[in-house]
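One structure follows; several queries about it will come next.
We just call them A, B, C and D in the order they show up, numbering each chain from 1.
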Amino acid sequence: MNSSIVSLGEMAKQIKNGHKVVLFKDCSVPMELGRTLIKQGIKDLHLVTVPTGSMLPDMLIGAGCVATVETSGVSLGEFGLAPQFGSAVKSGRIKILDATCPAIYAGLQAAEKGLPFIPLRGLIGSDVLKNREDFRVIDNPFMKNDPIVVLPAIAPDVAIFHAGMADVYGNVYIARQAELKIISHAATKTLVTVEEIVDFNILEQPELAPAVLSAMYVDGIALVPNGAWPLNLPGYYDYDRSSIKAYAIAAENDSSFKTWLETQNSSSKGNSN
Amino acid sequence: MNHSIEELLIATIAEFLYGLKHIAVGVLSPIPGSAALLAKTRSEEVKKVSIIGSTQEPYRLDGGVDLFDCAGQGRVDAFFLSGGQIDGQANVNLTGIGDYPKQETRWSGAFGSAYLYFLVPRVILFREEHSRRVFVPKVDFISAPGVSAPNIYRPGGPYALVTPLCQFLFDRNKKKFFLKSIHHGHSLEEVHDNTGFDFEVPETVPVTATPTKKILTLIREKVAPVIADPYPDFANKCWPNH
Amino acid sequence: MNSSIVSLGEMAKQIKNGHKVVLFKDCSVPMELGRTLIKQGIKDLHLVTVPTGSMLPDMLIGAGCVATVETSGVSLGEFGLAPQFGSAVKSGRIKILDATCPAIYAGLQAAEKGLPFIPLRGLIGSDVLKNREDFRVIDNPFMKNDPIVVLPAIAPDVAIFHAGMADVYGNVYIARQAELKIISHAATKTLVTVEEIVDFNILEQPELAPAVLSAMYVDGIALVPNGAWPLNLPGYYDYDRSSIKAYAIAAENDSSFKTWLETQNSSSKGNSN
Amino acid sequence: MNHSIEELLIATIAEFLYGLKHIAVGVLSPIPGSAALLAKTRSEEVKKVSIIGSTQEPYRLDGGVDLFDCAGQGRVDAFFLSGGQIDGQANVNLTGIGDYPKQETRWSGAFGSAYLYFLVPRVILFREEHSRRVFVPKVDFISAPGVSAPNIYRPGGPYALVTPLCQFLFDRNKKKFFLKSIHHGHSLEEVHDNTGFDFEVPETVPVTATPTKKILTLIREKVAPVIADPYPDFANKCWPNH
């Protein structure tokens, strides 16, 4: 048995106040780990959403766990805007670092490659660029009169996500979510909650191997059935639309959000299953 | 043959897409997605439609990096953008209203707009609300600019704007929208009343072509079942009997 | 049936004199296509080896098809140095653009992303850098006194490789050779020879899909059984060691190389099977 | 217990590897590869050995990008380099002899050296030929430099040099090799006669430790079967009975 298999509680304790935490967008979202972090009372997180975020960042922001959000957009998709995110931005309670999707990817890919920076086309003339003091415009070294944006590497302390299957050797099957490799490579630590842990080496299955995140990049695995609930996990379960809708309504104002949060704290599907 | 406003918009947008090799569709875009599928059904030259959020081959993408790299390679020919605000220079605001960063109203954020608007040759702007609240003289926040200085690398940019009232083309040299046609049942006066920016008007304003029976049949029989994968609610609403 | 399925001869004709052609290292090497190009009398190719090359570039160089080689190394591995490459460099018959492996990858990844350039650590103080006029050293825009190399994008005209399986829809299964995606994304055109063409859509098989190069990137597929012979194709066949050894010996001098080449032209395993 | 020169070299190189988390091995490196496997067998802290060319899990890599990215992240702790020429400043020449580019003798090329030599903290130089032809005062072509100016980003570099005669450590401050030990049966004079560069010599030169019976057993029983995957000829030659 690989030493990286831990309980959900042990995993949550590895994430510290002030950590830069990187979150993949929808599906693969570690909702139960997020609820555990809220219960733990974590503070001052710097969230990086890849490239956008939905219910988890909104929930963490509402619960007061977040100091900074680096994102290309936070929304509940078809369920509307992200209310807690919106009110936190409006009040200035959180610092917002607005980006554009490929800039988030490119910053993480720079970290993955050990590059201090990476160029990106676009952005020039936007207020996104104007408000990012950490983005620079340089001259293309290979062409005159061709300004181009350069972005600093994004190197998170911790990457967290939820996946279907891990093995006892510490490998994680990420299926079609190939971008989870990027965030794990870029982050110092990677913590993964999974639906099931199998006892054969998934890297030794030729058809699974191309979609495996190797144990070298995995610092913790916790068995958490329904760990993405109420969001979806392809091949396992679909969205629980009524629960997301209930959240979207509750999050509209602070007092109903608090009530919702207390319900979550007293019970959650991820724990009860 | 009777048609819904959604079907008119789908057919109208599709007119900009015939013959393009690869059309990509972002999140929350059922009408542009349907238009792209219609174009693929009718045009052999449309080799690929990528729909973010689709789980069906051949419409799915490997992920965001795949889309943005593909656009960087010049392999995405058309894409769609919307905006909480859009102004007469085709600047798009997806970020919020009021002084940044503590905006009165915060929307989601720029998403891929600040990149794709530069890279994709034909960006079609689309909004289901045609009002002075949306079409403003100047956006509060430029998530992505409509035009750039000549030395800025920009193979892409705004191509057209489609609304429930009318369709505009964007003239990149004049940096202005040009009214292409008004949908049946609406007037130039109505368009002016509901548009906060200046635009050019031809001497005679055509009426937008009504979708033919053939096109409506294709939409209902070929497009509806596919768009129902990423957008089940939309498909149920538009084509309850299909 | 997808229009991208062509005969080997039709495929070879799509590669023109002077084209910049990118080749993956070992396994996935389109040897039979290479032999066809030699018969066709192709000239002035600019070969980019990813990141190194073995028998195919050596053979193409010996046959006079190559003007420039951009490489991190050409060798026959355990069979020794690449003799035709070595003598062509010595005589100045070909132009050599020496790189280091990650620089080849980085240049192609820049093209894949549509970036005009990309930075890379290392290289400073090497004669590799000194002899590459197209590599530059700039100051890291985010840190003082931190010189870093920037590389121009490598955008080949054509990527060619051999794979096990394609489908009639134009998709190619690349198994564990994920880097074939990079070269196809970077190149304007991609031409693939395969062992077999199946009539189901391989993208619709969840376990195969993560290792599929989508038809969007594939401009030509030719059915060429044993197309990598005498090199290997994992899951299909191993190296034909005696044939490679015979090549290594023949290539040692120009007259025995010519004789070897004539034998190849009159028959080849790829055609006869 | 009798041992071969290969077994001595494997055991000697492994001494530099115990406790390192991730050891990567390049092409044509059966002895360093065996040393890495020995280190993993003996040290729980060695979590991963990556062998380019191995098809066996858990030794294979996703590909070159995976290795170079991993080194860029600081996640490769040791790597091995050789050279057609190596000089006293630990410069490595894998490219050729004579004036570049039309060299008298052209070898393969720099491979990953011009990058990994900068990024991997512990690069072990290894050559099976110890001669003045290989160990020269100054290399004809610097494929990868041994030392860099202080402002150059360089978390990695040369750590040791192992040959069939002896082993050196490299002192990055003095920019010089330091003789660590001479293998049994060889003399300091022999080392001097066959080394074309200057190096530091301790007052008393130790003899290289001979591999213990336990280590030889591990090499023959645990390492040999694994290294036989990428290097069948090497394994057959060294351990014909295994």
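Following the convention adopted for this analysis, a residue touches a chain if its C-beta (ideal position, glycine included) is under 8 Å from a C-beta of that chain, and two chains touch if they have at least 3 such contacts.
Because the structure is predicted, anything quoted here is derived from the model rather than measured.
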Inset, instruction - Between subunit B and subunit C, tell me the centre distance in angstrom, where each centre is the average of that chain's C-alpha atoms. - result: 40
Inset, instruction - Starting from the mean Cα coordinates of subunit A and subunit C, work out the distance between those two points in Å. - result: 37
Legend entry - Computed distance of Cα centres, subunit D from subunit B, in Å: 59
Inset, instruction - Determine the centre-to-centre distance between subunit A and subunit B, using the mean Cα coordinates as centres, and give it in whole Å. - result: 29
Legend entry - Sites on subunit C at which at least two other chains make contact: 113-115, 120-121, 146, 148, 176, 178, 209
Legend entry - Interface hub residues of subunit D, defined as touching at least two other chains: 62, 68, 72, 119
Inset, instruction - Chain touch graph shape: choose line, ring, star, complete or other and state it. - result: other
Legend entry - Chains that touch, pairwise: A-B, A-C, A-D, B-C, C-D
Legend entry - subunit B - residues contacting subunit C, complex: 22, 47-48, 57-58, 62, 68-75, 119
Inset, instruction - In the complex, go through subunit C and note every residue touching subunit B. - result: 111-115, 169, 185-186, 201, 203-204, 209, 214-216
Inset, instruction - In the complex, go through subunit A and note every residue touching subunit B. - result: 51-52, 71-75, 77-78, 81-82, 85-86, 89-92, 95-96, 98-103, 105, 109, 120-129, 131, 145-148, 176-179, 182, 234
Legend entry - Touch list for subunit C against partner subunit A, complex: 106, 113-121, 136, 138, 140-143, 146, 148, 150, 152, 175-176, 178, 206-211, 235
Legend entry - subunit C-facing residues of subunit D, complex: 27-28, 55, 60, 62-65, 68, 72, 94-96, 100-119, 141-145, 148-149, 151-153, 233
